[in-house]
Structure formats: structure tokens, C-alpha cells
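Per-chain residue numbering starts at 1, and chain names A, B and C are given in the order in which the chains are listed.
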Amino acid sequence: MPLIRGMALGQYIPADTPIHRLDPRSKLLITVLSMVLIFLTKSFPAMAMWAALIFIVAKVSKIPASSLLRSAGPILILIIFTSLLHVFFTGGETVIFSIGPLRASAEGTITAFRTGLRLFLLVLFTALLTFTTSPSELSDGLEAALGPLSRFGFPAHEVAMMMTIALRFIPTLFEETERIINAQVSRGADFESGGLLKRAKAYIPVLIPLFVLVFKRADTLASAMETRCYRGGKGRVRMYPLTWGSAENRAVLCFALFSAVVLLLNRLA
Amino acid sequence: MSLSVADLSYTYNMGLPTEAAALKNISFEAEKGEIFSIVGHTGSGKSTLAMHLNGLMVLQSGEVIVDGIRVGGNPSDLRRIRQAVGLVFQYPEQQIFAETVREEISFGPSNWGLSGDALEERVCAAMDLIGLDRSFAQANPFMLSGGEKRRVAIASVLASDPDYLVLDEPSAGLDYNGLCELTSLLRKMSEKGKCVIHITHDLELALEISDRIMIISDGAVAAIGSPSEISGILSDIDIKGLILPDILSLSYELKKRGRIDKITSDPSELAEEIRTASSCR
Amino acid sequence: MSSGTTLCLEGAEFQYPETGKKVLKGIDLEIRAGEWVALLGPNGSGKSTLLKLFNALLIPSQGRCFVDGMDTKDQANTEIIRSKVSMVFQNPEDQIVASVVEEDTAFGPENLGLSSEEIRTRVKEALMGTGLWEKRKHAVSSLSGGQKQRLALAGVLAIRPGALLLDEAMSMLDPASRRSFLDLVRKEHDSGRTVVQVTHRLDETVLSDRTVVVADGKIQWQGSTEGFLSLEESRLREMGFAKPPLAVLREELVKNGILPPSTKPDISEIRGKLCLSL
């Protein structure tokens, strides 16, 4: 249904930009590193640098600012909540105001602001990855990144395949769940009244058909994959093989230089 | 007493870039005792419309009135509407959850507060209506054949004894015998004074079984009338996504070329027309 | 021109190991390369099971099944059999693996271990052939039901199989999508592929060469599709089928000498011939 068409590819916004074209491994690497680095960032000038970087990457990859900001929406509450905790519980000399036993300190407020901002930057940066990388590129990248572990028996291909399939079926299952709920509501099912136990029980007529559907689907899907010559990861060649070329080297290098500057600014402050 | 829809519009994702109008100013009235078919291509808004008829969707604009009760009023009204309007979804066998056929069929009426003999009576009546032998009552519905499952699922809606029966694409995947059983059920229901609202993409089937047909295209009403009225006007209007039944489209074409006089969707009748035409020349 | 694949069953029986239910009770059937066979039967007759024998999804519990002379029982053949015989299932949702159109189309060729360049060539060919090339970068979930089923077909054509098995592949489609899907099947058949089509709608089979009716695990009737469609209406009803209106029309017009007996009950053929003769 059109209702969920928007979320069809997660947040991925297809476009042909240098950032989109980058090997997903380079983007994964940079994202993971940036997560660590953002957590280490304490000074405001360094945070401004991060904001600038996010702005530039978004600009180059043609991600509308509104979409980017909206991606932080769901965890805004978390950000506000942690910030508030910091305001009241960091403790410090200068008390700005107090509500009952709760005292807000100036130090606390600054820490709160810093933590909130850090979380916000972190979310935006990771969002850039999902905006510019399709789900299957992501799982390809993951498979390649985990590849070395498969020598120790880690099922890298299987994990990536599971991710691909899970992402593929999210919209479909969403639609089907909606339909089953609607069908049961039409037959008088009531999910809203009664205690917790009664409400939980009311979901049985939804869950059982859903499980039946999922098992049947898994069965046919397995046949369909076999039909299409699937034999596991061995011998599989990708249509767009991952290529680590000069663009990726340059991207990683740029990021390394940027990190150095950020760390320096952090030290200075 | 009827089910009436007035000026109903609905837009998904209103205000978002993915905004999509599903229904545009739909109005119609379906009476008890008739088979009213709503025909449209995939994505024409048929299913969205179906969900409006028993209050599953929150109204955006327009009205749906069932036996004088307005959808979107207070919650107790909604319960009455859901009891009055039974909705059979596409592939209804996918909603089966109970361990026995009896339990499955009694789910609706027991939710509406029936129990004991009254409930038992409803279950039996629904099974009789759909032609399920009473011996099935204790069977596990998941072990039944596809066709039997579909019948159990439809019976589970019939058991609420709705005055309005809305079926979304009920013929999907049925073989010829299944189709015959279905059409005879729909006829039986309308003869019992129920209003059958049959939603389908199959114009050929709709022409065969309906008292009245409404054609929707891209969320708007394109035509409404009796099967013969509909057959008469379809050649003049171009309806997106609608494929005319072979015989009908052939007879339009021959009529347009002045070869035959009468438009028909019956193959023997068309053969007769063609024979007369060719012997005249 | 691709070369079609021959499919052959010799006394094939099949019994589901879990339930012990015997679904196929001795089937002999040979399908020639490039032939289009309609496999009919009421729900539960065993026709889908039969179809699954041809690409080694199921192995006969008795008797044998050959694909281009290779026994499906021999596991060494499975890989090559799967690349020769491909199947489209009823519900497109059950067979699409990836979230993006071109990535799903590539799934089969990727499994074959072809070069990336060859994979791209085949994906392009399959998507062009099914009219989905413009949508190659689109999300699968943004496609309509008909488009999804065409994608399922594209995913199978990219393997370039010699035989195409259709397991009620059109039963969830609306008339417009069904027509365009059927056109695609006709094109594949014209290019030399073997087509085996399971259905219970006779109007989908008018273009096939031969009809095989399965009932209760056995072949109940077989012969030319033309012959099948001109059986008495009551005989067809007995077997659980309705004669398509076009077949009724064609028959009466042939009887009256208005149409030549070679006419197929196909809308474009009848329309063409009628406009000439009237």
C-alpha cells in the first residue's frame, strides 16, 4: 500500500553522486570510525567541524536537509531525555535553578548540551550512510567486511543474505499484518479494551495467521531460490562487484585528515 | 435501509512527498437484495473503498452511512456498523487462526456477544449456507484443502449474519467448480435479502452475476448502472486499466464498423449476429 | 533463438514423505523441445507437484524424470537441470529476493557464477524483454502486482533457461496484467523455449500446442489444445472447466463456415479474420 511506499528502501534515496558511488565498505569503515570519533569529541569547535562535514556530504549526495533532520526525529526524545539527566545529575558548583530537590548546574547544562549535540551528530552521520547506500549494497559491504571471519567458521554470507531477505520482506509483511488485523477487527476483535493479559490474548488471532503465512512463504521462497540456482555463497559473483579504487582511497584519506584536525581541535579546547 | 457512500475521498500520506489519492469523490448507494459489483483495475482504490464501508479507515472527507448510522460517529455505532457490514478480505483463508472449524466460525458472533445455543445456531447456519458439512466442525482448519479453507473463512464472516456482505476479490485463485459455488452463494445471499457488494477486477464475471455495476478507475467512479447499461456505454468511454471481455470488445468493434447491430457479451448471441450479417451480404 | 529443453516422465509417482499421501500415480509424459503444454486440473489434482518434478524441486518416489536426457534423481545433474528449467510461482511475493528491481533480476545469474559483465548483459536483456528496464533502480515494493510478476519472470529469464515452468503464474493478476504476462510467455515460446503452464483457466491456454489434464494423480485426458477446447461443454464441465466464451464463438463460426477451421480461439486472430471476411 502507498502507506508504506515511503519506507520501502529504508531511508535510501537513490541518486548518482560520488558519495552514492563509493564502495559500501569504505562508507561502512568511515561510519564506524566516525562513531568512535564523535564520542571522543568534546570541544564545540570540533563539533562544528562535524556539522560542517555532515552538511557538505549531504550537499554532495543531494540529500535534502529536511530528510536528514527528520531522520533524527525518532530518537529526539532520547536525546532530550539524556540531556535532561545531565542537566540535573551532573552536579557542579554553579546552580542556575532548582525544581524541588533537583538542582540544575551550569556545568551540567554544558555537559547536557554537549551530549545532546554529540548524539544528534552521530545519528545524522549514520543516517548519511543509509541515505546513500542501498540495503543490498550495505549487506554486500557487510559480507565483504565480515569475510575474513568466515575462515573461522563465521557465516558471513549467510548473515548478509539474511539481512537482504529481511529488508526485502519488511514492507510485504507490514502490509500483510495490516490486512490480518483489519480482517480480525472486522470480525469484532477488540485490541483496545481490557487488561494487559486480555489485550495480549486478543493478538493471538493476528499472530497465528501471520506465523502460518511466514512459514509458508519461507517454504516457497526456498524453492524459488533453489529454482534460481542458489547454492549458498560459494561461486556467487555479484553484478556490481565491490571495487576499492582511487575514489575510495581518496575518501578514506580525506576522512583521516579530517579526523586529525578534529582531534587537534579537541585537544586545543 | 441501504448502504450509502457520498462524496468519499481519501488520500494516503497526506502532505508527504509520497502523497497518493486513492479515492476521489465516490458516491453510490447499495440496496438490500442486490448484488452490487465494484469493478476496477489493481490500484484503482477498490480495497481502500472496501475498508471504508465498515469503518476500518478514518474518514477524511465524505460520508458512509449504513442503515442510517454514520461511520465515524461514536464507538458503539462503530460496533453496530461492523456487525451489519461483513467484510471478506482477499485470500480470506490467510486469517484463519483457530484450532477447530467451529471455533474459527464462532469467532465473529462470540465477539458480538453471542453464546450458547444462539451461537451454535449461527455457526451451523453459516456452515449450511456455504455448503460445509457439519462433520467439519471439529476438523482442524489448517489441514483442509485450499477451497475448503476459503469456505471456512467466508463462513466465519457469514456467521455474524451481516446485512451487507462485502467481498474483496473473492474469486481469486478459484477453479471453475469453486467459482460456481461462489456465484451461487452470492445469489443465495441476495435472494435472502442481503446486500452483496462484490469487489473485483473481473468485468466478465461482474457482468454475469450482478444486478448493478460500478466501475472505478484511478479512485473515481467511471460508470454505474445495470449490466446491460454498462455493456452499452463501455465502448464510448475509455477506462484506464480496464480490459473488456473478449466477446464484448469484439462486438463493439463489429458494431462500430457497421457489421452487426447489437452489442452483446454472450458468445452464441454474437455468433448469431455475425451469421445474420454475413448471410445478408 | 534459444534451444528448448525436452522434459520426460516415465511412470512417475510421487508420495509426500511427511503425510504419505500419494499425489501422482504413474505418469508417462514427454514434452518436446519448444513445445507449449498446458497442464490442467482442478485444485489438488497433483498438477503442481508434477511441475516440480521437472526442475528437481521434487524427485519421483517411483519412476523417473528426465531433463534433456538427464535423470533428475542423480544429484550431479541438479545444478545443470536448474539452469535449464526455471519456474515462476503463483505469488510474486514468494520469489523476489532483493529489494531493488535489477538486483533481484541479477540473483539467478549471480548464482551461476558468470562474469559481472555477462550478468549485467543478461539483466538488461531480461528487464528490457519484460518492460521493466525503466524501473531497474526502483524498489520492488513500489511495483504493482502485475509488475512484480513480470519481475519474477525477468529473474528467471536472466538464467536463460530452455524450459519455462509456470505454476499458476497468472492467477493473482488482473485481466490487464494477465494479458501482458501472457504476451511475454508467447514471446518466449516463439523464441524456442519449452513452456509448461499449470492453470485452471482455459482462456490462458488457447495458444498452447497440447493440453494435459491431470485428475487424482493420473493423466485423465491429453491431446491437442484445439481438440480439448472443442470438446462438448458438458464434458469440459465434468472435468471441472468452463469453455472460454471465445472458444464457443469460434466453434459456432467455424460450423457456419465463417471462420476457417484452423483459427485459434485467440482474440487477435479472430478479430483479424472476422474483419477480413465480413
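Definition applied: contacts are C-beta pairs under 8 Å (C-beta built on N, C-alpha and C of every residue); 3 or more make two chains touch, one makes a residue touch a chain.
Here the structure is a predicted model, which means the values were calculated and not measured.
Farthest from chain B, judged by the mean position of CA atoms in each chain, is A.
The pair with more inter-chain C-beta contacts, choosing from A-B and A-C, is A-C. Centre-to-centre spacing of chain B and chain C amounts to 30 Å, using the average Cα coordinate of each chain. Chain B has its Cα centroid 42 Å from the Cα centroid of chain A.
Look at where the CA atoms of chain A average out and do the same for chain C: the two points lie 42 Å apart. In chain A, the residues that touch at least two other chains are 5. On the chain B side of its complex with chain C, the touching residues are 41-43, 145-147, 172-173, 175-179, 201-204, 241-243, 245-247, 249-250, 253-254, 257, 259, 265-268, 270-272, 274-275, 277-278, 281. Put simply, chain A touches chain B in their complex at residues 1-3, 5-6, 176, 179-180, 182-190, 204-206, 208-209, 212-213.
Residues 42-44, 90, 144-146, 168, 171-172, 174-177, 179, 200, 203, 237, 240-242, 244-246, 248-249, 252-253, 256, 258, 267, 270-271, 274-275, 277-278 of chain C are the ones touching chain B in the complex.
Chain A makes touch with chain C in their complex at residues 4-5, 8-9, 14, 134-136, 164-165, 167-168, 171-172, 217, 220-221, 223-231, 235-241.
For chain C in complex with chain A, the residues that touch the partner chain are 52, 55, 57, 79, 82-83, 86-87, 89, 91, 93-100, 102-103, 106-116, 119-120, 123, 137, 139-142, 155-156, 159.
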